[in-house]
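Pasting the structures in now, so scroll down.
In the two complexes below, chain A is the common chain; its partner is chain B in one and chain C in the other.
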Partner chain A sequence: MSRVRVAGFGKRKVLASGWLAGILVAAFLAPTSIPTPDLLHTTQAPFQAGHWLGTDPQGLDVGVSLLQGSRTVVLSSVPAAILTLLLGAVLGSAAGFWRNRALTTVARVAVAVLVAGLGLLFLPQLLAFPLLGSMLLVAAGALMYWPLRRAAWAQRSVAVPLDSLLMGAVNLLDSIPILILVIGVAAMQRPSATGTIALLALTCWTTAARIMRTTTLQIAARPYVEAARMVGLTNFQLLRRHIWPNTWPLLALQLPLTVAALIGLETTLSFLGVGFSPDIPSWGKLLSTVRQAPTAWWLALWPGLALAGTIVSLHSLAGLGANRSDVTK
Partner chain B sequence: MAGWPLLRYTARTLLAAWFILSGLFLLSRAHTDRNTFLQNSTEGNGRRLSASDQAHTTQQLLQRYGLDVPLFYVTLGSAAATGHISWRWHGSRNQYHQWFRQLLAGDLGTSYRDGAPVTEVLSQSLSYTLPLTLLAALGSMGLTLALVLWLSHRPRWRSAWLSGLHVLRALPLFLLATCLLLLLANPDVLAWFPTFGLGLEVEEVAWWQQPGRLLYFLTLPTLSLVLVTVPGLVVQLNGALQHELEQPYIATARAKGASSIRVVRHHALRNALLPTVALLSELLPNLVAGATVVEVLFALPGMGRLLAESAAAQDYPVLLGAVGLVALVRVAAQVLADGLYRVLDPRIRTHA
Partner chain C sequence: MKQLLPGLILLLWASLCSSCSPTPAETSSTIRIRWARDPENLDPLIVDNPSANETINLLHCSLLQASEAARGYTPWLAAAMPTTQALNDSLLLITYQIRPEATWDNGSPVLARDVAFTLKVMNCPGLPIEIAQAHYGVIRDIRLDPQDSRRFTLVCVGQDVGTSGDYAILPEYALDPQGKLRTVSVPELRRQQQPALAAEFARRYQSLELARHPERAPGCGPYRLVKWQNGRSLTLQRKTSWWADKLSAPPAVLQAFPERLTFQVIPDAATATLALRRGELDLYSLMPAGEFARLQQSATDTQRLQFHTIDSYQFLTASFNVRRPALQNRLTRQALTHLFNVPALIQASQQGAAYPSVSLISPRLKPYYNDSLPLPDFNPAQAVQLLQQAGWQRSATGSWLRGTTAQPVLLKLSVSYRAGEPSFETAALQFRAAATALGIPVELRPTEPSLLSRQVRAGETDILINNLSGQPFSYDFTSLLHSSSVGVSNFTGFSNPAADNLIEQLVATQQPARKIILLRRFQRLLAQERPFTVLYFLKYRIAATRRLGHIPVTGLKPGYEAARIRPLPLPVQ
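And then the complex of A and B:
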């Protein structure tokens, strides 16, 4: 029984990786130029010479659009997922490690408040003379820190509520469904391709941050971390050498799932025609053309298959990883 | 005591909603370019106006939409005479202050597109979205319960069903809805259901036929929403039920001689429902978000489509109102989930 299951998983893994490799190759083979529409053959059925996968109502070849859509998937969803995970990992592990007890001194807080306040108050002047202004700001900060350096009251420690701040931000973003939040922000100004990636990363990092926070909390409470602290390692050494090696596998597991979620979000937005520049080719946009020609099944079938195949492959890769990590545990 | 967590949650969500709405408001107003706004607003007016008349109209238009005063309490502006940039304090005579005061009084402003009050536009579209989302919520909860109870007696089918549901859960909503549309509302395949609309436009529909007709037209949109939400709920509830069935009290119930159906329905299900209720507070806002996709695809004049269209047309007052309403839906869902907790778990009631 178990051998059959393992063989099944292996086959599924090979299929999934093969499909994803195919998407990757298609992304690099796709023509970069904007395709010219073939106005003599609009809404042409597939399996005919010239356009093997058919054409859409504008006369664009469905096959070429599919290839270009796969490049959008690879070049926007994957970087956005990596950014999302990085952001979530840094914020989550910082909050999980320091919790609400990150220590700093009164003097540092006072200097930070002073520099920020001065910077805001003299922002116009700072904008006019950026170099001189920032030098003056640094000088003012140093001037303030100098006398406080020795004072006993200024050296008392203050706790920074990192964890509360992070959870506040997570709750803020989670109070509105991501799709609606992204639609709302993207409506203000159609973001560029880079802006889209940044927008997706800035709205989707909460899941990764939650996961990293919880695991870091668990790992940081283990005795070996306490022992390493007793030996005299600094916080950053603890984090880098003793905590991250145990937390990043979970994050790596999240990568395929995050990519899949972002592909879903990105294609949904292009399907709705909201927020994205209309000349970026996308499977979602291709699928939305079926609304203009409801009888043209090929407009929905090919991009639908590509999308479903990619997302299911990513999910089955993640599922495999979960099983494997259970085994090694 | 039991009221406090709910109160705190509500306050937190409202605070978050205020924060997000303020951010969106400031972003939107900062991006509203005065010149293009005026051009769009006076486009339909073919008469040529004299310069003084034009200035007058411009002033009136800006005043009507509240664009004639500064954006925020303080702005970074340059004095015209010297070109010197400096902070300027405007007091309460600014767009943000006016907007927020109106918001507290329940006035969401007027739509940029047709000048109608936003509250009216929203309530009109809500009358279409509410039946859709409530039907979908009830449908997905009922289907989840039925499916989990059915699976609890058929362990051999369980893994196959669960892996199928995992695949279904991974797919985006618009893909499923398009598939349903092409399969079940297509004259070439199966024309069982209408492709678009609500079926209330036809004159000869008698009043007693209307609910049935509405149900018929809402079948496909509701079905696509249900198909997307059910897998997550089933996976969660099934896991919880299997966990409960391993507990000692189940052995006691069996020893008493309870039938397996009674053990599942009477003893295990109630405890298993508790963690699933937590998902309910996510379910309603997610259904509203899903309604955006479904309503665009099936051409229903509901709130989701309003949201997508106002975003595409940069009609900010409507957009802000719709986003705020979604935040309120979330609060309402949380209150509902809290009430359900008390119904399901007597321990919470006695502590209250």
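And then the complex of A and C:
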């Protein structure tokens, strides 16, 4: 019985890994040049010389678009997923470790952070100019921090309700469907490619944060962490040496699932015309061309297969990884 | 499960009932028409898109209306075509008589003083009169007939009679009930001699916010606005007692049959086609060729829909913003013209049903069309030569540079077009591929229509792909290409003394032979200067439900006459 399971395990793993490796290879082999539309063969059915996977209504080769779309998947969804997990991991770990009272700061720092945080209300504009936006946020915080240096109340120590803040933000974001949130922000001002990645990361980090918070809460309560604290290790040393080594495998398991979710989200955005600019080919954009030619089945089939294969492979890898490790034991 | 069963039965029954009962469209007298964009602004002074133009023409009446059937203008609010008398070489007196039946919604007659009031509004400082000035600035004064309150004479520069009567007449009783503008003349307003009076009127006019509330200036047209959801739909209701109903045999321009017209804003062509097929639309004009052909081949659709095709005066252009450093040189613009593969574009996006042209004059207008000019061909090698002649040099990285080494200008372009329009996207993609092959980076910018309008007005585009439409009866290019219209309606920023001179001569002449010479010369100048390149002239493709009966199609935009559609009576059940 165990042999059968091992054989099945291996076959699925090989298939999933093979597919993803194929996507990686396609991403690197995809032509970087701008494709020339073949205006004499628009919406041409597949399996014909010159365009083996057919053409779209603009005369673009579907095969080339698929290859270029795979590069967009690799270069956008993977970085976005890593960013998402990092953001969720940092916030979740901090909330789980310090909770509501353990982290204190002087009041003026809290005020400066709060003011900078209010700048996030202008998220669409910030995403349009990420670097300038970040600098403006820092500048806004600094402008509050500097004048308060002489105020007595601003020097008092205050507890930062990190856990409540995080859970409030998580509940707020989770109460709005991600697709609607992302479309709303993207529709206000179309973000750049970097902005789109940042937008995906800023709206999808909640799952990773919840997982990391829960796991950190569990591990932080264990006796050996208490013992280490008694020995005199600093908070950062505790996190680095005793908490993170036990929590990151969960995060690693989450990576393929997050990549899969983000690929789906990015494809949906491109399909709806609010994702990447038209200069950047994507599977979603290719799928959307079927609206111009509803009888052109190949415009739905090939990108649909690519998308389904990639998401199923990522889920398979995540499932296999989960079977092999349970970090909470 | 027991609780679910009654619910399922109820749902099934409701579905059966709804599928058996006729849809609202079949029972109502509403005609639903697709628009690609919202009118955005319904102030009669600021009509700058086809949707707004169509609405204004249903809410208001002009003195004259362009008619393809008549090959010119026909009287609308005017009782007959005006009489003309040349005052001297440059001034023309045009005398109109308003129809005696014409009344405003409050029952008061439409009089010559309403026309005078309209002209004063179009010349009032402090109001957004730039577009009106670009189009109708040739009307310098109005003289009311003291014996006949419906008779008046316009003093015009130039010989174009049509232009003198092609603007919406505004109700004085609604916009200036105390008649304060009666004390000032049109020339005085033009010379800004009564600034206080003009400023006070401008303030009152602006406070009405006609852009969003056109009902505050009720026109004497057959319809009134009942609903306007920005970016979604606009509904017009026929007036229960319109003045033209009293006519025993109203001419075509005074016919208005549909009780209700609903214009649905659906920018995306594929979505609009889906709405038409689902019965959520009754009429779709300017349908993409591929979709049109597909519907014509579908047995289901041909049973329910009727199809019309007609040659139009609308053309697809690639306009160059000549104010941009990279596009200031005409040789550069000529070079870029050679990167459009027009025959292939016609084949791909119009399925061959369009025709190329050397200029903005339709090739169908043979006397005026300059057929001695060659059609611009797709020739990248020629483009390279022209770029080099324009002073561009290819750098080691492959990009094109011009100017001093300290401040080089990089040939890098963006192509803007309305998102969701396949023919625009096809042209943009083809151009980008050809330009990129030569080392010219091109960024595509499909943009939402209202945002695109703002960008065009602000001069923020490099190359704009859009449709322009003209009339075969008026050859006044002032608003489009005269230097006085730069920043108003001349969105390319083109300014050329020779072109200005030709435009002014064209407006001033009425002799056909002279007009032919001037038009041919003007086309030659445009071919050299290339503020825009005409890719092809379109055919209007109109699909409509059969219940609408005969569709009065026309080559003038928008391709149909909505007010003259007479839906077929429903069969008696």
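Everything below uses one rule, namely that the second predicted complex is superposed on the first by the 268 of 329 C-alpha atoms of A that agree within 3 Å, B and C clash if a C-alpha of one lies under 4 Å from a C-alpha of the other, contacts with A are read in each partner's own complex, and residues count from 1 in each chain.
The criterion applied here is as follows: contacts are C-beta pairs under 8 Å (C-beta built on N, C-alpha and C of every residue); 3 or more make two chains touch, one makes a residue touch a chain.
Source: prediction; values computed, not measured.
Trainee: For the combined arrangement obtained by superposing on chain A, do chain B and chain C clash, or do they fit?
Mentor: clash
Trainee: With both complexes overlaid on chain A, does A:147 touch chain B (first), chain C (second), both or neither?
Mentor: A:147 contacts neither chain B nor chain C.
Trainee: Mind working out whether A:57 is in touch with chain B, chain C, both or neither, as first, second, both or neither?
Mentor: In the superposed model, A:57 contacts chain C only, not chain B.
Trainee: Pick one for A:33: touches chain B only (first), chain C only (second), both, or neither.
Mentor: In the superposition, A:33 touches chain C alone.
Trainee: Quick one: is A:267 in contact with chain B, with chain C, with both, or with neither? Answer first, second, both or neither.
Mentor: After superposition on chain A, A:267 lies in contact with chain B alone.
Trainee: Touching A:295 in the superposition: chain B (first), chain C (second), both, neither?
Mentor: Both: A:295 reaches chain B and chain C.
Trainee: Which of the two, chain B or chain C, is in touch with more residues of chain A?
Mentor: Touching more residues of chain A than the other partner does is B.
Trainee: Regarding the shared-chain residue A:130, is it in contact with chain B (first), chain C (second), both, or neither?
Mentor: neither
Trainee: Could you name the one stretch of chain C listed in 42-50, 168-176, 330-338 or 510-518 that collides with chain B in the superposition?
Mentor: So the stretch of chain C that bumps into chain B is 42-50.
Trainee: Going by the contact definition given at the top, which residues of chain A touch chain B in one complex and chain C in the other?
Mentor: In the superposed arrangement, which is not itself an observed complex, chain A uses residues 273, 291, 294-295 for both chain B and chain C.
Trainee: What residues of chain C sit close enough to touch chain A in their complex?
Mentor: Result: residues 268-271, 274, 288, 290-291, 294, 341, 344-345, 347-348, 419-420, 422, 425-426, 429-430, 432-434, 436-437, 443-446 of chain C touch chain A.
Trainee: Show me the residue ranges of chain B that touch chain A in the complex, using the header's touch definition.
Mentor: Residues of chain B touching chain A: 12-13, 16-17, 19-20, 24, 27-28, 31, 76, 84-87, 166-167, 170-175, 178-179, 181-182, 186-188, 195, 285-286, 288-289, 292-293, 296-297, 307-308, 310-312, 314, 316, 319-320, 322-323, 326-327, 330.
Trainee: For chain A, which residues are in contact with chain B within the complex?
Mentor: For chain A paired with chain B, touching residues are 121, 123-124, 127-128, 171-172, 175-181, 183-189, 260, 264, 267-268, 271-275, 284, 287, 290-291, 294-295, 297, 300, 304, 307-308, 311-312, 314-315, 319.
Trainee: In their complex, what parts of chain A are in touch with chain C?
Mentor: These residues of chain A touch chain C: 33-37, 39-40, 42-43, 57-60, 273, 277-279, 291-295.
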